[in-house]
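The letters A, B, C and D name the chains in turn, as written, and every chain counts its residues from 1.
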Amino acid sequence: MKLFDCVVTSHTEVAPEHFRLVLKNKELAEVSQPGQFVMIEVTETWDPFLRRPMSIERMFSDSISILYKVVGKGTKLLSSIRVGEKISVQGPLGNSFPIDLDFKDFFIVGGGIGIAPFPGLAEKIIRIRGGNLHVIIGAKTHSQVLCERDFREMGCRVYVVTEDGSAGEKGLVTDVLDKLKVEVHSVVYACGPIQMIKKVHQICEERNWICYASLEAEMACGIGVCLGCVVPVKYEIENEMMARVCKEGPIFDTRVIQWEKI
Amino acid sequence: MKLFDCVVTSHTEVAPEHFRLVLKNKELAEVSQPGQFVMIEVTETWDPFLRRPMSIERMFSDSISILYKVVGKGTKLLSSIRVGEKISVQGPLGNSFPIDLDFKDFFIVGGGIGIAPFPGLAEKIIRIRGGNLHVIIGAKTHSQVLCERDFREMGCRVYVVTEDGSAGEKGLVTDVLDKLKVEVHSVVYACGPIQMIKKVHQICEERNWICYASLEAEMACGIGVCLGCVVPVKYEIENEMMARVCKEGPIFDTRVIQWEKI
Amino acid sequence: MSVSLMVKIGNLTLKNPVTVASGTFGYGEEFSEYFDISQLGAITVKSLTLKPRLGNPPPRIVETPAGMLNAIGLQNVGIEKYLKEKLPFLRDKGCTIIANIYGTNLEEYQLLAEMLEKENGADAIEVNLSCPNVHDPRFRNKCPLIAQSPEWVGRYTASVREKTSLPLIIKLSPNVTDIIEPAISAEKSGADAVSLVNTFLGMSIDIRTRRPKLKNIVGGLSGPCIRPIALRMVWEVSKAVNIPVIGMGGICNPEDAIEFLIAGAKVVAVGSYVFRDPYAPIRVLKGIEQYCIEHGAKDVNEIVGSLVIQ
Amino acid sequence: MSVSLMVKIGNLTLKNPVTVASGTFGYGEEFSEYFDISQLGAITVKSLTLKPRLGNPPPRIVETPAGMLNAIGLQNVGIEKYLKEKLPFLRDKGCTIIANIYGTNLEEYQLLAEMLEKENGADAIEVNLSCPNVHDPRFRNKCPLIAQSPEWVGRYTASVREKTSLPLIIKLSPNVTDIIEPAISAEKSGADAVSLVNTFLGMSIDIRTRRPKLKNIVGGLSGPCIRPIALRMVWEVSKAVNIPVIGMGGICNPEDAIEFLIAGAKVVAVGSYVFRDPYAPIRVLKGIEQYCIEHGAKDVNEIVGSLVIQ
């Protein structure tokens, strides 16, 4: 957990308003785990004031990549950074995706930019387990389907679903998940809009599957001190508690979330 | 007086920390006069909040150039703008250098980045008067001597003076001016640190020369409404008054300035 | 769909809820070179005083993070020159005029209001009780601004009220413990509206010379930096009074203005940001109309105070 | 040249004038992974309450121009867990500790102070009378924060003073008409120092949903946006009291901190900016030392209050 000046070695628009940024720093790359995130300084001035949290997409020998969508002024500024420039990156932060070897099937469910933390996870699962990895990629429309080729090249079973039906099936990622009647002890990794995660959680509850979700929250510090990013959770021990998405998360077993409060 | 989206057609580092920016906009170029300035938006965010005033260096058929020094965060941001990008430019603003045909000799005195408004003025004087133009360029050191070649190519008589003597004479622009014993009805155009302008003014007073100086002030609006940029002046009519550098200036006959208040 | 943008302040109808903040728009002349200023709901002019004022010595402005400090000190042409030289221009253009006035004592405020009404110099009067850059020596000790004392706000409001039947707007200061008290005091004393916020008293130091960057030592902070505080105050006041609130403080974009409307402002004013974008008031106006259309509001008044809690 | 950076608060000597703002540094553990936190003059910990607190429901944070709003609501582990689990770490590191306390009534503040002194839980106590995110229902009506009433500040200061001989710092709120009054009241009632400013009450609205962006509706504004106001208040208070002032509000760089020292702060605290740059307190410390060297000051106290006027 440190602050690194990373050199931008590649920055490409992978889909309209979606970019992949490759950040070179060996130390950072070596300690990063799938599911962790970084906090990126998008400007030298005071507006925006805070860093921006971004999931680590993949880890390479001396660099990491992030995949992001331009949604506001921070990501807009980020999108104008050029290859060769330096950028301040804090990380890796948070916990990582647990990979339980007991499971037979592994499902990855990514809605929109929610696919970002998964290429690195898929790589790791395949390295450890060799296969049995299903990836459901959801998008609004065909041009926004992200990482499809990456997952296919790794040998994952890929399901594409778009809201307008312009690529793959028409519908939502949860429709696809619902239809996949794999009656075995499985795990689902989910990331995307909170309502999507909630739905995935419900499907998993019914089937008695485990669901690990990567949550988002407004973050100020990213390291657990500001207490800004909390999510209400129910632990065995304490009746009610606030967990920090940046510290106890961003990956949560969805059964611990107090969904009724969200 | 309008707001223009200009395209950057050239942006070069002419000396360490000094840049020339060429901004393409025909309408703006056609109405600009030597001595006028523009207000440039250096960011899309709220920090810095205000535009930055910059003198117009030269006017071309469809563009203007500015010459600037990186001194703080606004100019630093400006220096990272790339050719092809658009930038919001407000102008031309303020008054321009009066060129009185009665004068025999014309002197331009520019201290440091204070040389910025003069290439365009020199061009105009030479066009109108054909010559008799003396340009004193002052700088800290040889690498910061600006526009020397430009003025020579126009046919001006150029005097270079540096504080460390690494180029031209050693000393200050006012030392050179002091020594030039041209005993005729002359005019001096000055721009640079306020103490330099004051000294130039005093020399002119002694010789009964006219001095037109381009003044600087902290500016918010650049168009005369905020009343932030005032300088105390003494007019014939009113005993004491505050003149707006952005509106009544930036060019002032130095005799109207209340020097004792500066 | 057509949207009604009309709003009322007292018995005055503004054609839309967008004006500009006093002191940031001069008397409108300069901005006329950019757009037709009569499109705005009203033009609020720079504070007027009985005699012309020279204002404070420079430097008068410092930029700060996402904002600026100013210590202009109410430099202005004075009421007479305004009536003779500035007013005809605004009337010719067909602008609705809010004249902002500042007096060094109660009688001056009354006189200014009378003169304005008599000479048809304004369609509404905004009483600046909150300029942080000209301390009234009589109160400097404990309470430098009239607007910092609910009692004085009441007294001044009532006195000006006596002298004019024009819609009366009281401009409040955010430099207070409780913004509701002076607002209620203004309402009770006959104000037709309150406007807020004026600037926050701030300071900046040049660490090289160890001198204040402003010659006046302190100045008023404005711009996006103050917006969250201004918005909170507008919300608090809107709930507490029954007269319209004119909201301002860091409004740059339509989105910012709509926040103020939702919080309860009936009118919004664009201030310092016009220094950066002279078209901002027009953009804000267009954006508000667009928002109404997109949100199915037939009347902008449906947006006003529509904050949803829980 | 060697520079003495030592400053005193009551009978406590800090090795240098740099600390961190309560609530932005946790209990120091996380930052220890970045630098040796015992290098700082003091570590100010997150507000402690008698019982652990869950704080407010999320969202608790919104970014604003050059700053942020927070409505954490004093989530903290409680005094007992602090003493058992957090304190040993800080003591091991050799940190000078300023423990910030918050009580829902006078007795709780007293109890907290007693416990801290008894258990050697702090080297100084900072009394948070100014958290804008937890309204004491008893005073909500007119005066939600103790620090908004000079009278209550006096009463609370005196009561805590009775119970502890540790250096006592009273943390003031900037949401007041006059910052001098509560400061003087704290001094008169036995405070060894005052710290200012806590956050400004602000608000932000999501115009799409028309709901406040913070679940708690309002929150506290911090960051560079508030710096000019905070600096002005520190200057005003420093002139008015004879006890040290701990200055904070938007300090990011050494230059910012030096502004506060020149204005009269004896100690400076880095707050929200540590979220962006965890090394900021160390950079500020180094920069202050460098400034002293460059300006020929042998002792940082020569810089304190060295503002030149006229």
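One rule holds for everything that comes next: a contact is a pair of C-beta atoms (placed from the backbone, for glycine too) under 8 Å apart; a residue touches a chain by one contact, two chains touch by 3 or more.
Not measured: the values here are computed from a predicted model.
Tell me which chains count as touching both chain B and chain C.
A chain counts here if it touches both chain B and chain C, which gives A, D.
Can you tell me which chain lies farthest from chain A, using the average of the Cα atoms as each chain's centre?
B
Taking each chain's centre as the mean of its CA atoms, how far is chain A from chain C in angstrom?
About 47 Å separates the centre of chain A from that of chain C.
I'd like to verify one number: the distance from the centre of chain C to the centre of chain D, where each centre is the average of its C-alpha atoms, in whole angstrom.
Result: the chain centres lie 34 Å from each other.
Could you state the distance in Å from the CA-based centre of chain A to that of chain D?
Chain centroid spacing, chain A to chain D, equals 36 Å.
Please output the residue numbers of chain A that touch at least 2 other chains, ranges allowed.
46-48
Find every residue in chain D that makes contact with two or more other chains and list them.
64-67, 223-225, in rising order.
Looking at which chains touch, is this a line, ring, star, complete or other?
Here the contact pattern is complete, since every chain touches every other one.
Under the touch definition given earlier, write down the residues of chain C that touch chain B in their complex.
The touching residues are 23-26, 30-31, 33-34, 46, 54-55, 57-68, 70, 72, 75, 223-225, 252, 272, 274-279.
Applying the document's contact rule, which stretches of chain B touch chain D when the two form their complex?
So the residues of chain B in touch with chain D come to 46-47.
Looking at the complex, which residues from chain B come into contact with chain A?
43-48, 73, 76-77
Given the complex with chain A, which residues does chain C contribute to the contact?
Answer in residue numbers: 65-66, 224.
Provide the residue numbers of chain D that touch chain C in the complex, in ascending order.
Those residues of chain D that touch chain C are 64-67, 69, 142-143, 148, 175-178, 200-205, 207, 209-212, 217-218, 221, 223-229, 231-232, 235, 250, 255, 258-259, 262-263, 291, 306-309.
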